[in-house]
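Chain naming follows the written order as A, B, C and D, and within any one chain the residues start at number 1.
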Amino acid sequence: MQLGLIGLGKMGGNMRDRLRAAGHTVVGYDTNPEISDATTVADMVEQLTESPRVVWVMVPVKAVRPVLEELAGLLGEGDVVIEGGNSKWINDHHNADLLAGRGIGYLDCGVSGGVWGKELGYALMCGGSSEDVAKAQPIFDALKPPGEFGFVHAGEVGAGHFAKMVHNGIEYAIMQAYAEGWELLAASGEVTDVPAVFESWREGTVIRSWLLDLAVNALKEDPNLDKIRGYAEDSGEGRWTVEAAIDLAVPAPAISASLFARFASRQDDSPAMKMVAAMRNQFGGHAVLA
Amino acid sequence: MQLGLIGLGKMGGNMRDRLRAAGHTVVGYDTNPEISDATTVADMVEQLTESPRVVWVMVPVKAVRPVLEELAGLLGEGDVVIEGGNSKWINDHHNADLLAGRGIGYLDCGVSGGVWGKELGYALMCGGSSEDVAKAQPIFDALKPPGEFGFVHAGEVGAGHFAKMVHNGIEYAIMQAYAEGWELLAASGEVTDVPAVFESWREGTVIRSWLLDLAVNALKEDPNLDKIRGYAEDSGEGRWTVEAAIDLAVPAPAISASLFARFASRQDDSPAMKMVAAMRNQFGGHAVLA
Amino acid sequence: MQLGLIGLGKMGGNMRDRLRAAGHTVVGYDTNPEISDATTVADMVEQLTESPRVVWVMVPVKAVRPVLEELAGLLGEGDVVIEGGNSKWINDHHNADLLAGRGIGYLDCGVSGGVWGKELGYALMCGGSSEDVAKAQPIFDALKPPGEFGFVHAGEVGAGHFAKMVHNGIEYAIMQAYAEGWELLAASGEVTDVPAVFESWREGTVIRSWLLDLAVNALKEDPNLDKIRGYAEDSGEGRWTVEAAIDLAVPAPAISASLFARFASRQDDSPAMKMVAAMRNQFGGHAVLA
Amino acid sequence: MQLGLIGLGKMGGNMRDRLRAAGHTVVGYDTNPEISDATTVADMVEQLTESPRVVWVMVPVKAVRPVLEELAGLLGEGDVVIEGGNSKWINDHHNADLLAGRGIGYLDCGVSGGVWGKELGYALMCGGSSEDVAKAQPIFDALKPPGEFGFVHAGEVGAGHFAKMVHNGIEYAIMQAYAEGWELLAASGEVTDVPAVFESWREGTVIRSWLLDLAVNALKEDPNLDKIRGYAEDSGEGRWTVEAAIDLAVPAPAISASLFARFASRQDDSPAMKMVAAMRNQFGGHAVLA
């Protein structure tokens, strides 16, 4: 089938390749004309000749709303827009309302898979009406990994991004789990070949996983991770996960610990620990470092 | 090759089956005569006719030391004992010393795989001398999963159980990660089919893993886990992991959060929260529940 | 001076008493006519004869906005409204805008002191313009404890509630600190008189504090806290503190741990721990409780 | 009364001053002859002419055992030794056994108060028999702060150091509470005068405490703590508190979070966060810092 695809960056570009390899017609639009198949969003929409038209939006979060506003004026009754970026789930309701005024359907679709998705397939978590999902199902089928898993229609609008958000929250804590274990193995003198231990865990253990496989890859390239600084960004979903947990009074100690560890990793000097050091100095005369 | 195997419970019994299926001769001893191949430990040792003799000990932690003391009097120069249970790594050094006095080698071998190991193979993390490992290698090869992973010679005596301990610490935090995510999905109304979301994650996601597969199995049997109480035991390695982290000044916030969540799950009423409620009542007149 | 005071509940009623004892004229309004000095808010405003008029709002969070909307129609140029409740600081800006349209000043004032404030004085954290603060200063002076501490003009509108929010976040973690320590003392057999230990800490220790004094009071009434359930509510500021920390990428592990401990205290059965138990059962055949 | 006092460092020296000011005779011994009242421990014991003899040991943890062994040969039936240092409570039982062989009593006494104790008095938490406590009571009375608090006979041998250990664990989490709050106030633009907010909290608030007073002192000297690095040591009792909690299956999330924050503050580069960054790079192509 035909698909309009807005945003041809690291994710969108690879998705276009995977969809074309599956036999679909993708009309891609990007602000970079060198990789774009259309001169404007309007031009892209015009190139879509099938009905209903389906447009996948794969742009940075800040750009989502302006793109949807433009699409609201270009698409019409029965068409479907898929927000495949990292929108916060509560914004999906507003986005759906915007398009509903023109009779345009809206699906929110969380996408996982990173740089590996082009080859292995992307995991898709989708929210919206069954009718709209059906219109885009061939696209989902081409993007997802082969086999029975990797796609879910999770619920109404918002459910897709909510599920993806929780996926990422879980991801934070799993990464933190391996990271703490790795640091502990490396800090102790007991285990003399830490990368070999990690690699051995790939089969037969309770903790075998894809993230473990990636950790093994990283340790093969750099056995002590000497070339990498202990500095970890966060992309938002981890924060939203903890916020949603707070909102729903759900204890989330491991996920929040993982989030805070990332925050701390980005501080050259911890203000909180300045205060702890200052108080120790006040009551015990303990030396402080300047 | 021949192997003496002491302890034929859930783990040891399955290991005997897997080893025999691979063509090895296993003389098993258990205090339960119905499943034992020998009347006593001494009888078991006598049935081992190859040299060196290799004996695998697979008994509850408390029984390890008495069994080793008995073996010290039955085995001799060049023989090897493998402690495959959940001994604390620091005890391995004492165990090795005991046997070294008789010229008997000692290997500590952490075993992962649970009830699935018989079919899929057991992950093995081994500590001791290369010479002793070599004597038992055919046994390790038969127990481990097929392929290149699942066995590691992690270092000197103690390294095997240390690696297994860290494996289990990581396991705690990974389980906690999925558990927090599941609770959050279930608590929110956004996602209407939570088991379907978990199942979809099995391919293409960053968080695909064997533990996720098990969670999906559990949700198939009981979609809301209504039949299971939120009560989680801990078997010791999680505690030791946090203790080792404290000893080495390694931050372990996610693993310790996971351990404390298990402790809390076993309290009918939290003493600490009684105190919090009491203080709230004192300063704010907030009602307390009796 | 004269003060209009809306809301005469546990807090507002005591504040009226303290202000009158200090010689101020308080015209209180409450929906409960038995304790109200005025029949309506309009009646209350009419009874204020000094200029500028100052009105303190001390109502539940949900009622704040409607009360402010009513006051916007009753007060005028140069008058001042003080929001003394537990509004979220970000709402203060909206509140101030509402009143600014009528030339009415707005102060947000976080109030601490609970049931003890009437006697000992209330700690006040205030946000707004210096001009507006000056108009209400006699009221602040009467409400605050004697001495040099207990009142702060923390910054522009919002700063008062922000400071109060952080105060409460700190409060959560301090309470959790004593609570964990108390549980540990009680769980161990080492210390035979736990209440005596807590009481002794009231002088000379690093951890002496007002909350400790309250804990001692509670232990005098009920040495093992047998009459109190380990169930702790939270009133919102703790959640906002963690949310603000997340927003500003500030690690807040102790405050968030305290918040999550309260959440967990209110669960009869932990969903997350059901999942942990389910996974343990899947991989290890570990028994689960039904 | 007479007291032998071994160790005249920061703590012991001040204690000697306070005891002498209260009219007691202190024979102090220190390896530094310039501050010592005796040439050797034996000389010190000889100068004690009252019976029973009471000797207070105030030396670094490592030196405790050798000093006790020396005292075992110098003191006799009915004499009492007080271990006032930071011994781990489980060692108190061994220490008591050593001395009991010679009929010498043993008290473990946790001491809090830091550099302020000389003036304000030291909080004392004591373990041992009532008979031995009575022999030293005049010394305890002189060291403790005036008034009814500041001394507790917490239980048998070990109870004093256990109580002191828990005191310090609580201290860690309270300090962390203020530290997190301070960082959050400083990070947000809402509050323009953070030291003023802290100072105002000294009266009327729920969180007024001696540690808050110290934090205010520190902020007066250095309003943004610019001169202090965010680097915090730990002296052992915090670690033991968490270990004891783990041993007794007591959840201690806030205290352990505080301990781990100190560990992290001493790492130039977090190994765990290297691993997190490495995994992010593997799955998402996210940049890493070198």
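In the analysis below, contacts are C-beta pairs under 8 Å (C-beta built on N, C-alpha and C of every residue); 3 or more make two chains touch, one makes a residue touch a chain.
Predicted model, so just to flag it, every value in this text is computed and none were measured.
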Query - Taking each chain's C-alpha mean as its centre, the one farthest from chain B - result: C
Report summary line: Chain centres from averaged Cα atoms put chain A and chain B apart, in whole Å, by 33
Query raised in the report: So what's the Cα centroid distance for chain B and chain C, whole Å?
Result: 47
Query - Distance from the mean Cα position of chain D to that of chain B, given in whole angstrom - result: 38
**Report entry** Multi-chain contact residues (two or more partners), chain D
**Finding:** 114, 176, 178, 180, 183, 187, 206, 211, 249-253, 257, 260-261, 264, 267, 270, 272, 283
Requested in this report: Select the category (line, ring, star, complete, other) that matches the graph of chains linked by touching.
Outcome: complete
Report summary line: In the complex, the residues of chain B that touch chain D are 206, 239, 242-243, 246-247, 249-253, 256-257, 259-261, 263-264, 266-267, 270, 272, 283
Report task. Would you mind writing out the residues of chain B in touch with chain A in their complex? Result -> 89, 112-114, 117, 120-125, 127, 144-145, 147, 149-156, 158-159, 162-163, 166-174, 176-178, 180-181, 183-185, 187-188, 190-193, 196-197, 199-212, 241, 244-245, 248-255, 257-258, 260-261
Query raised in the report: For chain C, which residues are in contact with chain B within the complex?
Result: 10, 114-116, 175-176, 178-180, 182-183, 186-187, 211, 214-215, 217-219, 222, 225, 227-233, 253, 257, 261-262, 264-265, 267, 269-286, 288-290
